[in-house]
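Take a look at the structures listed below.
What follows is chain A paired twice: with chain B in the first complex and chain C in the second.
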Partner chain A sequence: MAYSYRISGLTVACDFPLAGAVATEPAVTPDVRVRLADVPQTLEGGAALGPNWDMFGEDFLLRAPRLARFLIRGGREIVIALEDGATARDASAYVLGTAFGILLHQRGALVLHGAAVARGGEAIAICGHSGAGKSTLAAALCRRGWALVTDDLCALSPGDDGRPVIRPDGRQLKLWQEAVEALDLGEQRGEAVLARFEKYFVAPAEVATEATPLRAIYVLRESRPPLTDGIEPLPLPDAMHMLDREAYRPGLRLKMGVRPELVAQSAGMLAHVRMFELTRPRDLARLPETVEALLAHWELAAA
Partner chain B sequence: MHHNDKIIGAPVGEDDLVMLSVETGCYFSTNVVGRRLWELLETPRTIPDLRQAVCAEFDIDEATCEADIVDFVRELMGNGLIQSVEA
Partner chain C sequence: MTGSAAIIWLASFPKSGNTWFRIFLANLAAGENGPADINDLDERGGIASSRHEFEAATQLDSGFVGHDDIDELRRDVYHRIAAEVDHQRWIKTHDAYVMTPSGRPMFGVAGTRAVYLVRDPRDVAVSFAHHSSTTVDRAIELLNREDGALCASRTALAPQLRQKLLGWSGHAASWLDQSDLPAILLRYEDMRAAPEARFAAALAFAGRDATPDEIARAVRHADFSELRRQESEKGFAERMSRTAPFFRSGQVGGWRAALTAEQVARIEEAHAPMMRRLGYELSAPPHER
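Here is the complex of A and B:
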């Protein structure tokens, strides 16, 4: 039996349930198949891109030590060979994260590592390094009536009018327990992301279902002296640099892509999307201030 | 002078241009006139060539135009984005 999902606009059929993904109706011909089968240790004739990555033509092999080997093929298929003692449940996070990120790169999407939320038919993306507070800020905006679009994988593709659109990554928010408590989301809290891990899946109140045009990207930064709180537009060269940095697995994107094409892709996107640096305190008690500043900024930009 | 081979340029919307120096990883940007100059520099050009082309297309007097072009070219050369070639 296959489990069905919709991730970044793609219909997915998987041999096992993907923890943290929201199940959907099965598609007649899914865009992506995820299955358990044997996978070689290395790719014959392939180039080693890193200690745990090989690439050969349209095939990409990812080795997660003591967990599994993932063969990601032509943007259409993820084949998984579990290592001894590992379970498919353990592999879910990798499938939804790195493996799907690579698959989207194979399909030529510009993939940002970020959460995105929408209101009034337009979305904003929130980027920043791991642990920067992307999901927490997205959850706080969802509390204020915004719809969740993505928690983690923010794949951009050109919409009908040329503006980039993002499609839901089909998953729940991942929040640390302290953020669940600060946002009073206890009732929506689900199971733990990983066993013995104080991070939980949280169902947002409202989830976007359609492709949503992206209006702006905010890159999170902690305000420590001498940095002060505020939202500043990024000049073009800085925005280009930031897109390279905030891409999902940026090193892989640069190695898998052709540089002039990647530059053209980022530049094409910045014709439509504005990019800002959002400097704010990380203290959860001061999260409401950040939310107010962001909402005011959004209203001002819309005026 | 003309483009350095190790530079990637890409248009942003109708007016702007970003350039990446592959060697240093640094990005640069310029406005509509700079973008036009960049396009012209796909083939080797002299300063007078550039001035003539820009004055024909934009509303600017020749003296200001040449001074601005010299500044722009100096900036590009300083960052290794263009190079001079033998005439």
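Here is the complex of A and C:
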């Protein structure tokens, strides 16, 4: 029995239910297969490129401690071997996170490390490193009537008019308990994303189901001196540079080899998108100020 | 990298002069273009508990890896960094010299050395309380807890990876008693008294060339009056407190005016053997307390 999903525009068939993903109708020929099977400890002939991962040709092997080994092949398949005591349910968090991020890289997608939310048919992406507060800010905007497009992997592709579109990642928000409490989302809180961790699925009130044009990218920064609170536009050359830095695992993208046509494609897309640095305190108690500033900025830009 | 050490661990309990040392290094690098900007230190080696660097190296979402499993992988990450860097990196750390769950020393990889900075725990308590906007009593608790740690939250993603401190004595013992890596001990008080000589000793230990003139200039540019001037003008990115400046006095012995007799006793009772070993005079011999 296969479980079917639509993730970042790709149809996915999986041997087991993916926790936190929204099930869809099965595709005749799924783009991506996810299955449980044996996976070697290392890649034969592969250069060991990381402390817990190897890459060889179209194969990428990732070892997640005490959880599973993930063999990600040619952008089409994720094979999972569970370590002793781990369950397929535990592996879901990695399938939807790191493993799918690597798979999207293998397919040459431009993937931002960010959450995306939409209103009035247009989306904004909120980028930043792990722990920067992307999902928390996205959740706060969802409380204000925005629709969730993606949680932390934001794959861009060119739309019909050349503007980039974001395809929904078909999953719920993931929030740490402190953020759940700060946003008063206790009643929407679902299961733990992964056993032993105080991070939970939270179902947003509204979810985007269609590809949504991306209008702006906000890069989160903490307002530590000499930086002060505010939203500043980035000039195009800086934005190009910033886009590389805010990609999902940019170092990996480089090691996989960045194809020239993709660089040209991202430059073309960026011409349609405005990029801003959003500098604000990381303090959860001051999140409402950030939300107000962002909403005002959006209204102003729309006017 | 061959020849001199690839990585120098700049290790200390928090509030023991680590930042001052890194600012000295930044000024050494800046040479006659100094004084270096105190807000531009990160690119010069970083901190061992950086979540971002860990994720870039392992491709893992660090929020879904347990603290102990992260320690296990950190050793492999450091091993790789030491093997691959093309210039010497001085990496700050507040972690104690800990063993991974499988029993390997987390920092003990070939090609690395350690500069261990230590400061009178009574001054550390006062400084930590100011830095973290907490009470002196809470600071003493962190000094005295043998299972103390930073960024150990399980309900939120802390900005850095979990760092085991093991208490002030445990921290010092972990770095000073290990025999995997060559290590040098620098007392903060000695560095304040004779900065040129102590910095020169640390650089020689690391195999880093610098002339006496270069060292003297870097010490001048890292003087507390200069650091306070920069902080009051532009602020300091590593400051945590909203009220207390990061660079206060850098004073030696300030605890005499700031701690109660009871607080002093609590610190000295917990740390007397290590304080004696490191030359920190107890305010009263144990039999009189």
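To be clear about the criterion, the second predicted complex is superposed on the first by the 295 of 303 C-alpha atoms of A that agree within 3 Å, B and C clash if a C-alpha of one lies under 4 Å from a C-alpha of the other, contacts with A are read in each partner's own complex, and residues count from 1 in each chain.
Quick note on the criterion: a residue touches a chain if its C-beta (ideal position, glycine included) is under 8 Å from a C-beta of that chain, and two chains touch if they have at least 3 such contacts.
Keep in mind that what you see is a predicted model, and the values were worked out from it rather than measured.
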Is A:Ile166 in contact with chain B, with chain C, with both, or with neither (first, second, both, neither)? neither
Touching partner for A:Ala64 - first (chain B), second (chain C), both, neither: second
Thinking of the overlay built on chain A, is A:Met240 touched by chain B (first), by chain C (second), by both, or by neither? first
Could you tell me if A:Ala109 is touching chain B, chain C, both of them or neither one (first, second, both, neither)? neither
Where does A:Ile231 make contact in the superposed view: on chain B (first), on chain C (second), on both, or on neither? neither
Kindly classify A:His129 by the partners it touches after superposition: chain B alone (first), chain C alone (second), both, or neither? second
More residues of chain A are touched by which partner: chain B or chain C? C
Touching both chain B and chain C, residues of chain A: none
Along chain C, where are the residues that touch chain A in the complex? 39, 51-52, 55-66, 69, 72-73, 76-77, 79-80, 153-159, 231, 234-239
Using the touch definition from the top, list the residues of chain A that touch chain C in their complex. 50-53, 62, 64-66, 93-94, 97-98, 102, 129-131, 176-179, 193-194, 196-199, 224-227, 249-252, 282
Show which residues of chain A lie in contact with chain B when the two form their complex. 235-238, 240-241, 259-260, 263-264, 266-268, 270-272
Under the touch definition given earlier, write down the residues of chain B that touch chain A in their complex. 8, 10-13, 16, 18, 20, 22, 26-29
